[in-house]
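If you scroll down you'll find the structure; I have some questions about it.
Order of writing sets the labels: A, B, C, D, E and F. Residues in every chain begin at 1.
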Amino acid sequence: MLLTILVHEGPYNHQASDTAYNFIKAALGKGHEINRIFFYHDGVNNGYNSADPPQDDRNIYKRWSELGKGGIDIVCCIAAAKRRGLKDELLMEGIRISGLGQLADAVLGSDRLVTFG
Amino acid sequence: MLLTILVHEGPYNHQASDTAYNFIKAALGKGHEINRIFFYHDGVNNGYNSADPPQDDRNIYKRWSELGKGGIDIVCCIAAAKRRGLKDELLMEGIRISGLGQLADAVLGSDRLVTFG
Amino acid sequence: MLHTVNKSPFGHSALDECISMAADGATILLIEDGVYAAKAGASYEGKLKAAMGNVKVAALGPDLAARGITACIEGVTVVDYDGFVELVAENKMTAWV
Amino acid sequence: MLHTVNKSPFGHSALDECISMAADGATILLIEDGVYAAKAGASYEGKLKAAMGNVKVAALGPDLAARGITACIEGVTVVDYDGFVELVAENKMTAWV
Amino acid sequence: MDDMKKIMFLMRQAPHGGIYSYEGLETILIFAAFEQDLSMVFVGDGVFALVKGQDTTGIGIKGYIKTYGVLEDYGVEHMYVDKASMEARGLTTDDFAVPVEVVDAATISALMEEQHAVIPY
Amino acid sequence: MDDMKKIMFLMRQAPHGGIYSYEGLETILIFAAFEQDLSMVFVGDGVFALVKGQDTTGIGIKGYIKTYGVLEDYGVEHMYVDKASMEARGLTTDDFAVPVEVVDAATISALMEEQHAVIPY
């Protein structure tokens, strides 16, 4: 099954990023495909390459980056990003900034939209 | 009266930044003094110099920066900032990053703590 | 003590919790989405009126206007940001964020 | 339809709203702070049991464990992330975030 | 069109306290360009977004109540309001800035089941 | 000490769903270094933060229930739990990882009035 994942909240601040990641790992393990991961609202904060979370905790940014480098398309909404301070130079590798059309396109082309927020 | 202002939420995403700013302007107008503005939790997101909010809306980052350049001490919590991606190179002029001791010190030395979140 | 509540009473328990802990004679200032509690004719009106037997309730005028609330429950005082500052000057504050 | 709720029913109206809109036979999956609704012996138990006359209720096991919830209301199915994926594979989803 | 998909936007947040309701509108305007079968459902505090006479001057935030008026032109076929949510908040359709269809929870429930996707804001 | 100030931390958030309860603990540990009269009050979903047996392995988040155990050593004099909040959630003191004082709302109300500052998390 082809899935689009939508994340509405920022990392650490809210559990949504963790749940989305754990869900995605399980979905991939069961042979489903991720069409696109889209970060909207505070979800765009998942894209920063400038964070330095505690060493004894999970690194949410790196986890996303590894999924992105592994071939999953990960997009931060440009309008939400501009409002919040995220820009291309601050993006983790494997994550890109683009428009809301990327969400519409993904939702329409997927079997399921799975929202976390 | 000497006030400490604590902001718990990020700009645009939540109205807390706006209310805090409007409150501070009114307090200064009435002759009160601001001991320190402390950004905690997602409140640290108020410190980014990399944002580009819509031209036809208020610029929350610039408003804080002007208060800071005008002599009000504005601090983003370092632990919260590191988790979220804010660092010195990304700070608006007039805002600094420091520890939670700066909150404790300000609260203990002020007549009032006024929290927005 | 001044208590501020910035969440809608229909969606969040913040105002309920605040009311249960506010001492007699305290003031509750409704701000941001909290001002919906001051709206006349809504289902929270009974609860707010009951609370007003013990506490004073104020609402931030600019937040009421921003939400198109034109009729407040009787007895709710409308204040502007200057009035908010005055309440803080007169009282210590607890924010039910 | 699969509905997910990730807010505590004691602090937020999300689960109430979800229950009011869930069709007969739908599944509500409680995740994150939403799993507190599945806790046995709490004040929401009556409401959840009433809802379970029409809908199936599941709760995410890892979220229950993280919150120290050892006893769920009778009839609540506990699933892991694989079970969550299976529910999504079987149903369209609405998130009551 | 055969390949038109039903997309429902589930609006549950009040305006101004948070940006979710506004950013939700941005999404809908973009989806409109894809010419699908779009509807909005206002539930819970979401119904407050539609209240007329909102004047945000005093809080210094740009208002957006007028945007709801153009949604029909953008192809949003239906704007549904949950009757119970509206009534609990002391509102009637006279309080809204745009025409809406007031429906009960069972109707919304049935509509949800028909959707390709439900996007919550 | 004459110059000791009363600071109350008002804990209203459940753990793990959001970080506010954890970051609140970070604040308290820092305030402890300032040797003031510190208390914590658990109200609403805040009481869930104290529940014993929390195992966060499955969600991949670092747990922090053990930190409550060291607060007394850090000079947190009182940990109050609102009785009504506890009971509504089907909890008793046996469910908590640390000893607490269960008090009613009127007691908390009176304590609040004595504080130099109340900091909410």
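What to note about this one:
Keep this in mind: a residue touches a chain if its C-beta (ideal position, glycine included) is under 8 Å from a C-beta of that chain, and two chains touch if they have at least 3 such contacts.
As the structure is a prediction and not an experimental result, all values here were calculated from the model.
Touch-path distance (fewest steps) from chain B to chain F is 1.
Each chain's centre was taken as the mean of its CA atoms, and the one lying most distant from chain D is B. Chain centres were defined as the mean of their Cα atoms; on that basis the chain farthest from chain A turns out to be C. Over half of the residue numbers at the chain C-chain D interface are used by both copies of the sequence. A count of C-beta contacts for the chain pairs D-F and B-C puts D-F on top. Centre to centre, using the average C-alpha position, chain B and chain E are separated by 33 Å. Taking each chain's centre as the mean of its C-alpha atoms, chain A lies 28 Å from chain B.
Shared interface positions of chain F, defined as residues touching 2 or more other chains, are 16-19, 44, 59, 61, 116-118, 120. In chain C, the residues touching two or more other chains are 6, 10-11, 13-14, 32-33, 62-63, 80, 92-93, 95, 97. The set of chain B residues touching two or more other chains comprises 8, 12-13, 15, 19, 22, 41, 54, 83, 112-113, 115, 117.
Under the contact rule defined at the top, the touching pairs of chains are A-B, A-D, A-E, A-F, B-C, B-E, B-F, C-D, C-E, C-F, D-E, D-F. Of all residues in chain F, those touching chain B in their complex are 5, 7, 19-20, 23, 26-27, 30-31, 33-34, 36, 116-120.
Residues of chain B that touch chain E in their complex: 12-15, 18-19, 21-22, 54, 56-58. By the touch criterion stated above, chain B contacts chain C in their complex at residues 1, 3, 8, 15-16, 19, 22-23, 25-27, 29-30, 32, 112-117. Contact residues of chain B toward chain A in the complex are 10-13, 41-42, 45, 48-54, 61, 82-87, 89-90. Put simply, chain F touches chain A in their complex at residues 16-19, 59-62.
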